[in-house]
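In what follows, chain A forms one complex with chain B and a second complex with chain C.
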Partner chain A sequence: MGNTKSSKPKKSNIGFLSSVFAIIIGLLVGLVILFICNPAQALPGFLTILTGSFTHGARGVGQIFYYATPIILTGLSVGFAFKTGLFNIGAPGQYMVGSLGAVAIGILGEGLGPIHWVVALAGGMAMGAVWGAVPGILKAYFNVNEVIASIMMNYIGMYLSNWVVKSTPALFNTLRNESKNVAVTANLPKAGFDKIFEGSSLNAGFIVAILAVIIIWVLLYKTKFGYELQACGFNRFASKYAGINEKKNIMMAMVIAGAISGLAGAIVMLAGSGAHITVKDAIAQEGFTGIAVALLGLSHPVGVFLAGIFIAYLTAGGFYLQLFQFSTEIIDIIVAVIIYFSAFALFVKIMIDKFSKKKEMKEPGESSASEKGGER
Partner chain B sequence: MQSLIFIVQQTIYFSIPLLIVALGAMFAERSGIINIAMEGIMIMGAFTGILFLNLTGNTMSGQLQLMIAIVISVVTGMVFSLFHAYASINMKADQTISGTALNMFAPAFAIFVARVIQGVQQVQFTNTFRLDVPVLKDIPVIGPMFFQGAYITTYLGVAILVVSTIVLYRTRFGLRLRSCGENPHAADAAGINVYKMQYAGTLISGALGGLGGLVFVVPTSVNFNADVAGYGFLAIAVLIFGQWHPIKILGASFFFGVMKAISASYSGIPFLAGVGIPSYFYKMFPYIVTLIVLIFTSKNSQAPKAEGKPFDKGQR
Partner chain C sequence: MENIKQTTETKKDDNYVVEMLNITKVFPGIIANDDVTIRLRQGEILALLGENGAGKSTLMSVLFGLYQPEKGIIKVRGKEVKINGPLDANALGIGMVHQHFKLVDNFTVLQNIVLGMETTKGGLLKMDDARKKVLELSERYNLRIDPDAKIEDITVGQQQRVEILKMLYRDNEIMIFDEPTAVLTPQEIDELMLIMKNLIKEGKSILFITHKLNEIKAVADRCAVLRRGKYIGTIDVASTSKEEMSEMMVGRKVELTIEKKPANPGKTILEVDDLTVAAGLKGHKKNVVDNVSFKVRAGEIVCIAGIDGNGQSELISAISGIGPMHNGRISINGEDMTKKSIRYKNTHGLSHIPEDRQKYGLVLDYNLAYNAVLQQYFEPQFSNGIFLNMDAIYKYSDELIKNYDIRSGEGSATITRSMSGGNQQKVIVARENTRPHDILLAVQPTRGLDVGAIEYIHKELVKERDAGKAILLVSLELDEVRNLADRILVIYEGKIVAELDPDKVSNQEIGLYMSGSKRQAVIGEGEDAPSGVMAVKKGGEN
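Then we have the complex of A and B:
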């Protein structure tokens, strides 16, 4: 009995394996596309994707963490919502209003002194939380599908953010059609990263992201509240029957998810490395990448952290692809293929089951050595 | 008068693609498959169609060229939607995940291929597709609105609406499709091949999505930049706003179209410019109204009951 149990892969293993399976296929598709476009440059180009981010030493590694910070957070936001049974496709909108909140406080709150950046971060979180709360309330009290409500909130957030920036002279840089620089006091401290990873843009935002990952992990797995949230995710009505206030929980889950995405936007805007709110009708890409990160990381906080770093690593490598006349969009294609195949978790499970069954059938055959010996 | 005609024409340009794409999404959802990938499908359809217009240039007459482009867009949309169908139906994957992946893939692919082929990501085309309908164009008021400088795609959109309504409610295929979205197990027991129906629904959504992408770009732009301005997502909102019913979808897409037209051209219209509401308000308004409508309709939503749930024949 004990034997059969250990030979069957655990559920988390299947998830991990299906992620690895998806990554391998994604990379292969990328390689094939490179080959079709330019066979001579394909292999060096592909190797550049894999190694490019390491060719610049500590600075390159620092940049990976820098790119990873916002997508770890949006990934955490989407993953956390997944754990509570909600699909937070509203991460882009929450990210954008979070950026707006941080930029507004970062520019207008100049008298705040050393706590300026903390207030600006909190402002971004609060805006994100409000943006998450709307679909949360609609879902909890009016049974509105949170996916549709979140998509609406994405566009409302995008237009609102552009509207506010463009119509407030204090925020708007007319020449460049984007928001002005935030005050120096609102920039996130470097936290020593400028010495460890010299030349990179890495800052305290990365530490904030790690803290967020830890907090969400504790919240989900070590608290009663997290247990209730997950219970609502599994079965809203059973949770209600068990005495859980399921409406409040659904709302709180979206508020927290929104706050994390808002934080992501705030960190990017306060990094002091040239990010601004650009006034154009486009949804923030970091939010959608967060969905990819969450799916690849199996919605687990630690998985999300690793997936965020992995995608940032691919993206960083992709920058150097331009040396080979390939455009960086190949990275988006690879990530899309990875996400597509990560949806095939069930397929991977069936494959593994088949494989382990074959093994089980073989094993007793081998143990009865007399039979095999006879054949020989 | 002139500005009224202008507004009506703009409304048509914005409404017709929404109508076509929302009808496409309706077929998928009525068969039980949520197709959130409409945005990606539109981008792919628009990309291949516009690329064809770009490559063939002035080698043939405008209407013929547009017709071929329409066919190309439709086929592209269908092929691309096959990926969604395979994942959702055969692999029983989470339909939102698969759709998200396709949405992510399409713009990256369009930019990448455009760069490989011509070096820049914008695909230019020359608009030679306007036509005047003989006789009808001379009717006062209505003539200039609907029959002068019009696009054949507009009439195609109306035709699709009529055909969709008939197919969905007056044919055996439509009844079977709807039954798969409501109760696939009952449909299966009645001898309907649920998988086949769901493939059909998703492929129709792909065809109409691809077409919608082309129909959106041609009248409103002179180049294609791997972007359909969120129209795929908007079309899904239109679908829900229209409660999965073709005629109501027409109303919803008209409403969104009017709002889009006003936000795009209000500064040129003295009356609206005088009111002094900023254009961003008109841009946000349809989304806010959709949220409000969702609150009032979701209690007795007409959504297909089994949508989004993978159909498993063996499951009871």
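Then we have the complex of A and C:
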């Protein structure tokens, strides 16, 4: 952050360590669960979780990135909102309407030619942005809790996309009870990934996700807008005192968060690897996983990126647990435990902070100590 | 320790119900209570008098077991006790009416009174017995109240009665009132005084925390005075004048007096007309700020003196824009600012050292550099288009650090949360003094700081004045008022009750105005009170 001095190496170290701590504990608990289910197969099963995703070499690695793409984005969406003091639990809804927008444009917009996929992505983002804007406006101007409003928007988004898909013959595949395939022009380009990671479904969506991470990082830490957004998140009283328009910032934060989640949905639908909007009463899993990713990544864009890849890696490895007669749900439990402990890790971090602060305060001695904290 | 034994033995016949002996409580960097001894007799009202931060609350927290003292012992009815928490205190018959009531808003009076002490039978509530007891108590102590009214529907004065009934319901014999009149209207205060006298008649003992001298005179038997954590003495109220008490409370002049030349005021910078802020809380009827008008000119320090909670915070919030304003007009440099945004004021001549430096003054999780440009980050000086100009921001912040001797672990990159209170305040003072402005609002700029930092900030403020800035200072400390003010406006219950010349008025006299014992003829209405010249009218005793 600084031009001469590095600003907070100490702090980020503690954060990173707490995430690693969470991962280790989570994996250990996973091992215990494996032992309880089937002691004989526990160790090989555990090894499979760690190495499974590499069994198919480059293809496996490509699949990790492919699975990671949407959850990096939903994680980025939730993490970004966290940074501005908001809890965007609406990521699933934004993801679903983003999917809907992308699918609709992907099927109906065939005349668009080479920019078709770009327009479809943008359409998904726009839908997500609208879905984020509603709770944002409600929060900013009517003081409605964004968590409640977002959850409602999740259900509205789910039923809306079911209804639109089902009632629009051009979109609906009656045989499979899901949306039709998008046009070939709407599929995301492979961007050479099909050569590097042969056989994987990885596509340009991963590059879009990386771009999003970079853009959000720059936005948060390098721009005036990011300064305002974070100031509101850290201390809205001081922001008000500083003359920052808090309401506008709350709204914009939710719009941006919604757009990112919408983008995630669009990328999955346009991957050309068999994803469709299935008409069923279930809220998109990728959205909730985003919350986990954001927590594990401590809401920092780079942390979110790594956490997304890590969780995708575990999920991919966990798929092979079936070889050892374990159900794949075990891997979900392990991921859940990791998230659980990342919350504890946050607690541990706070304790470390408190401890070091106490030490600092005691050092200067008793006489007019408050003035002498810190070096000359 | 031997001394204590002696004194308690010799005064055994005094029949003390609570004795706090030689209590010392230290927080990091500050001694909140330094060898404090207070004794409460059976059936008396003992007032505990002291300025803000004198250690009254800490002492009470020690009595309630919220803090454990480093030194000293507590005796209740002659027996040494160890109090580990409010429950222990309650078991010893000690109850407290907090300054901010601890009531459940959407519960009824009765439900609030029995809360935590519900009588049950087989797991079911038996409210009838409780109702009978509450009605009996309210009859006996003349505390009229509707047991079925909801708390949110009754006035603050009635809510306080509920708090008193809560103590009575729990058979508390020792009652602590923590600044109970701060939220009451004068009529409600009179009623409370009567209630307190009734309680004494029934054999209760009361510890009355306040800094309003009139109230002490009205009800208290004796008065213990604390100043800056130290125990000054206990006096007999009847034989001590208010002037003497305020002198004990405020103390002699602090060693640091700033040398300052007479003011040389120029044109009017800030003008406030008929500013009114209505009460924000339910049940409060009076205006928090009531029709206040004044001017601040370039090159002078106008100080608003008053006891905490008399509307000064709300007044400043209204001027700066962070709080509501219900009537009136504000102008800066002749431009009407009444309806302007905070940012507009910030960029058009207003600087503001806020009362609560951690809540308003700083984004604690931002580093020092980011905080240094809190109101200016968007200006061309500190930005390139949509981007922040980090080099410029850090350079500017390094300059502030140098000019104001701000001490921190990692310079501009230090997260302000990790800095000491004094240095946090210096960041704010540096920022507000350095950025372009004509009027500086400084609210308790030295609260909680040690002597060195106070002196430093005082010097900076005088320097500002001499540079031709207008300064509106709000302070609760008489010493600070005397040290800095070129004119003193005394605020009491939301009204400006006096305009004084610091060179012609004694501390005691200011104290009398601050506590509402004295009131100047309303400026403009007085016989010969042209602006600036004082027509001090004596009298106005309650």
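General remarks:
Keep in mind that, in the parts below, the second predicted complex is superposed on the first by the 337 of 376 C-alpha atoms of A that agree within 3 Å, B and C clash if a C-alpha of one lies under 4 Å from a C-alpha of the other, contacts with A are read in each partner's own complex, and residues count from 1 in each chain.
One rule holds in what follows: a residue touches a chain if its C-beta (ideal position, glycine included) is under 8 Å from a C-beta of that chain, and two chains touch if they have at least 3 such contacts.
Please read these numbers as outputs of a predicted model, since none were measured by experiment.
By the touch criterion stated above, A:Leu295 is placed in contact with chain B alone, chain C being left untouched. In the superposition on chain A, A:Lys224 makes contact with chain C only, not with chain B. By the touch criterion stated above, A:Arg176 is placed in contact with neither chain B nor chain C. In the superposition on chain A, A:Lys248 makes contact with neither chain B nor chain C. Once the two complexes are laid over each other on the shared chain, residue contacts for A:Arg59 go to neither chain B nor chain C. Judged by the touch definition given at the top, the superposed model places A:Trp163 against chain B, while chain C stays out of reach.
By the touch criterion stated above, A:Ile330 is placed in contact with chain B alone, chain C being left untouched. When both complexes are overlaid on chain A, the residue A:Leu138 reaches chain B alone and has no touch with chain C.
Residue contacts after overlaying the shared chain place A:Tyr155 against chain B, while chain C stays out of touching range.
Across the two superposed structures, the residue set of chain A contacted by chain B and also by chain C is empty. Touching chain C in their complex are the following residues of chain A: 1-8, 11, 222-225, 227, 230-231, 234-235, 237-245, 357-358, 360-362, 364, 366, 368-376. Of all residues in chain B, those touching chain A in their complex are 36, 83, 87, 91-94, 96-98, 100-105, 107-109, 111-112, 115-116, 121, 227, 229-230, 233-234, 236-237, 240, 278, 280-281, 283-284, 287-288, 290-291, 294-295, 298-299, 301. Across the interface of their complex, chain B is touched by residues 33, 37, 87, 89, 134, 138, 142-145, 147-149, 151-156, 159-160, 162-163, 166-167, 281-283, 288, 291-292, 295, 327, 329-333, 335-337, 339-340, 342-347 of chain A. Put simply, chain C touches chain A in their complex at residues 26, 28-31, 320, 322, 341-347, 352, 354, 356, 359-367, 369-370, 374-375, 377-378, 383, 386-388, 390-391, 394, 407-415, 418-423, 449-453.
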